[in-house]
Amino acid sequence: MLVSKLPQFPDFTISASLFSNIENGEDLVKDIANIPYSLIDTTLICSVEQIYSAIYRVLVEYKFNRIKTKSINSELLLCLSQNSNITQNFKKFGINANTKNLVIVSILENQINNDLNKEFNALLKGEEIELNNENLQKICDMKAIRKILTSNLMMIQILPRPLSMLFS
Amino acid sequence: MSKLITGTYSSPDIPNKTFQVNCNDAKYLTTNGKTTGSSEYVLKAGQIDRDRPSGPRRLPDGQLTYLSQLRCNLTGIQDDINEFLTERMQIAKSKKTKLTDTKEEARINDEINHLLDGGDDDTEETDTV
Amino acid sequence: MMFLNPALPGNRWALQMKEKKISIRSNKLLIKLLRTLKEAQAIITNITISKMSVELVELVNQYLTPNVPISPIAQGAEAIVFTTHVHPYLPNEITKDIDTNKKYIIKFRPPKKYRHPVIDKSLTKHRTLSEARILSKLFQIEGLKVPRLIAMDAVNGYLWMEFLGEDLPNNKGFSNLKNFLWMYSSDGRDPYDKVVKETLFKVGEQIGLLHWNDYCHGDLTSSNIVLVRDSNDIDNWIPHLIDFGLGSTSNMVEDKGVDLYVLERAIISTHSSYSDKYNEWLVKGFSSVYEKQGKNGSKKLGELLGRFEEVRLRGRKRSMLG
Amino acid sequence: MSKRDNNMQMEHTLTLNIPFATSKQADIACQVLRPDPILRPQDFQVKYTSKGNELVMEFQSIDDRVLRVGVSSVIDSVKTIIETFDELE
Amino acid sequence: MVNLNGVKPKNGRNYYIALGLEGSANKLGIGVIKQPLLDSTLTGDNSHDCHTEILANIRDTYVTPPGEGFLPRDTARHHKNWCVRLIKKALAEAKIENPSIDIDVICFTQGPGMGAPLHSVVIAARTCSLIWDVPLIGVNHCVGHIEMGREITKAVNPVVLYVSGGNTQVIAYSENRYRIFGETLDIAIGNCLDRFARTLKIPNIPFPGYNIEQMAKKAQHKDNLVLLPYTVKGMDLSMSGILAFIDGLAKDLFKKNKKNKFLFDSKTGEQLITVEDLCFALQENLFAMLVEITERAMAHVNSNQVLIVGGVGSNLRLQEMMGQMCADRANGKVHATDERFCIDNGVMIAQAGLLQYRMGDVITDLADTVVTQKFRTDEVYVSWRE
């Protein structure tokens, strides 16, 4: 689990883990409204920067009272793309019954939850692997990413240098 | 006064038309010409004309100064010429078109006004008309 | 056509309506020239923080929190530019592997008190977004080098970008094109060195790419071209174009010609002894991009260089007037 | 400019003789009026001369319309000149 | 080195007297000024401090009914018919009994402006010059504004915002020219305000912009600002689009077009915006654009001083906004003059013309007195500054 704080937002603790071979996708989808974390399908995620730049955006929006969705968790799905269509983004980045790989993110304000790792593991039936670019690139769908990125100009710059070059 | 203003007009169909000052006619004794007033459109919009020319200057004995008299005479001659030429334009136009007299007169006046504003073709202030 | 009153004074410009537009262009050129000269003086003095900056720096500090230490590096009418060593969002676990010495640029468009808040907010947002957009689009063009956008808060007027360039050896200043050329014209170095020639050719190529793709920089001076040294080859300087605050998409030859002219003037005013060769190399690099595009490219290049010459003549005539 | 700016077409003419009080005045009037160029010389021409006390203005035009406007405008100027002499000399 | 004392005053006097004639738009202004021969003007750039004394400053404005603009022909008629009377009055006020002895130079506006009105005044200027045997100087109207502004405010080297019915320019001095840094690409700001005033049919007395300013003060929904197009293009700006937009709003307001969501609540049909609000929005928008390009010019030339000249410069809201901008700059200061000097007048023409004259510039051939509608500020060689 990657635990960090964004320098500009010291009151928030960000915890993120990458899980593969998820088996309970269907249950997760059913219960999604009650899950206090963001669940991101990694099909379209090929770098850590992609996730954290979105987290940055969420916190900027949140701090200046401009979030457009119900919660900080759902807002993260929206912020993964420059596109402001909520439904479309949920479809693209949210999990579905067939989701096998996902990133789980918790954003907590003025709180510390030492049991978070336990909670993640209890919720997700799958295998936790290190959240890094290498692992993400193994499990993502490059073709699909290429497609969304060309229509999503700003995202491309967020990719680490060698990766972003793939798309130019 | 030794000499008065004279004008001579000629064109293909009128070889020689002269304009002269008639010192007994009031139109040659005013600085306020008939054909050089405010434009019709401002008057219609309710303009009160406060921009008439200054009146002629008089000597202590009540006589007009020579130059004031000259200015009055010229004002009269200017009216004569303007009226004459406007009429000529009307004749020239009516040969081509069959508009009613009043309409045609308005049209000619418009044309004159248009020309009078001519030098300022791209000055913004002229946009109202 | 409007008939002009024959007895009224002739207006010597009345029939040359184009003249106004031309003058406006030339004015812009002059403005840029003046600025280039000012810049030449400003390089020696450090950036002085005016009264405005003190207050604004405080505002930025509040926004960024003490966790993001910043130092101001430039201040214009519209934006203040800072550097920082802190990445806005990447966890340390990730950044430590990349580069511990990495710097970032924060460009801030401060609120203007004189503007009605509604107008001010709308402008800040719109302009920040539009600069980000143009950077992103340029970033995608193959071969074109511009800074990478890292983060944006359009509503508050912040852009984070990667920092490019380095300090030149022997206190020759930051590695923009201007300082680079100065470096080669001092300390007994050869101002016509092969490295200079190659670098200027590459700068020309960058501008060529920009223009070929119908973008204009709008403020192309030698300080807005940053050289990044290839880590494997110390004599390979890779030019990057920065500051697209006045950038635009444009397919007008005039805009492109002005871009080229502004850069030429910048070179002439700061490196006058060698400017002929320098500009020649720039144009060669520029042309090479167009020439690669076949017939259409050569045709467009011809038009563009023609207009460049025209703009140049206009500029010269103007500055010699009276 | 077209080739039609020969005098053949300027068949509408008007000559005005204005007798000033002195020859100096006539001469000044001439000098004041002369500098302003004619915008459409192919349609309208004017010549100012002074003969003794008299200012002689010879107008030529292609038609009465242009003549009307040009002449009246020049007369306006002459009126200003006369008033200046009258009030300020 | 600049020496303003190169040409000595007439008849061994220790002061100069200049007559200034202005008539480039709807104002006819006659001014008489006196400048002492000073040691301080022997060297250096002291042209902003000539100790000018105003002996007469007379103005008559051609006024049109509400909703109407002024036509060149009517304006020219006004100038023709008032010019001699006003000169006579100004001379009397300045106690000048013998112009041919007392006056050093006659200064007239050569442009830019409306052709016919300019021409009406130059006819009088030429005649006076010949009958009094006093030299003539043709003055650029904008330079007149700048020099008058500098003299009144003693601003040495300000960035100048010139805003009037016919002009919108940001100007800064550099190498003997007043360079235009930014300007309007279409209509002038004063013209934009005048035309909106016509749409609203508000009176032209004392002038339309003043009445818009007064109405703007009465805006009731200042927080709910109507957003208008903001059209700054680099250093330049354009205003015709804004005018068209707000004219449309005003017309919908008069027609009570409930479909316009800017103006009427789409559910209740309640009117959200008043005519006063529109005036307020127009001013806020246009002035923000002006201040922005002024600030850019200041950044370019490293100046902290602004001088606002021209008729629109008397607008207090514009002055206030400019002040707010300047307050954020080290030693920033905004200079503005009151309506006696920032609205077109003859004194300013005399001021700039006399500077020109003192530098030895005189018209020797009347052919050089031809007026011109287009006369760019940067065409004038400013010999009196360093």
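Going in written order, the chains are labelled A, B, C, D and E, and every chain counts its residues from 1.
Throughout what follows, a residue touches a chain if its C-beta (ideal position, glycine included) is under 8 Å from a C-beta of that chain, and two chains touch if they have at least 3 such contacts.
The structure presented is a predicted model; accordingly, all values stated were derived computationally and were not measured.
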The chains touching both chain A and chain C are none
Using the stated contact rule, I'd like to know whether B-D or D-E comes out ahead in C-beta pair count.
B-D
So which chain is farthest from chain B, going by the mean of the CA atoms in each chain?
A
Chain separated most widely from chain D, comparing mean CA positions:
A
Averaging only over C-alpha atoms, locate the centres of chain B and chain E and give their separation in whole Å.
34
How many Å are there between the centre of chain B and the centre of chain C, using C-alpha atoms for each centre?
62
From the mean C-alpha coordinate of chain A to that of chain B, what's the distance rounded to whole Å?
84
Where chain B touches two or more other chains, by residue:
36, 53-54, 115-119, 122
At least two other chains touched by the same residue of chain D: list those residues.
36-37, 39, 66, 69, 71, 73, 76, 79, 83, 85, 87
Indicate the residues of chain A shared as contacts by at least two other chains.
none
Touching residues of chain E toward chain C in the complex: what are they?
115-116, 118-119, 174, 176-177, 179-181, 183, 185, 223, 225, 227, 230, 234-236, 284-285, 288, 291-292, 295-302, 321-322, 324-325, 327-330, 332, 370-374, 376, 378-379, 381
Complex interface listing, chain A residues touching chain C:
2-4, 6-10, 14, 48-49, 52-53, 55-57, 60, 64, 66, 132, 150, 153-154, 156-158, 160-161, 164, 167-168
Listed in rising order, the residues of chain C that touch chain E in the complex are 5, 8-14, 19-20, 23-24, 27-28, 30-31, 34-35, 38, 50-52, 55, 76-78, 112-116, 118-120, 122-123, 218, 246, 321-322
Of chain E, residues touching chain B in the complex:
25-26, 62, 64-65, 67-75, 77-78, 80-82, 84-85, 114-116, 119, 165-166, 187-188, 191, 194-195, 198, 373
Of all residues in chain E, which touch chain D in the complex?
76-77, 80, 83-85, 87-88, 91, 99, 119-120, 123-124, 126-128, 130-132, 366-367, 369-370
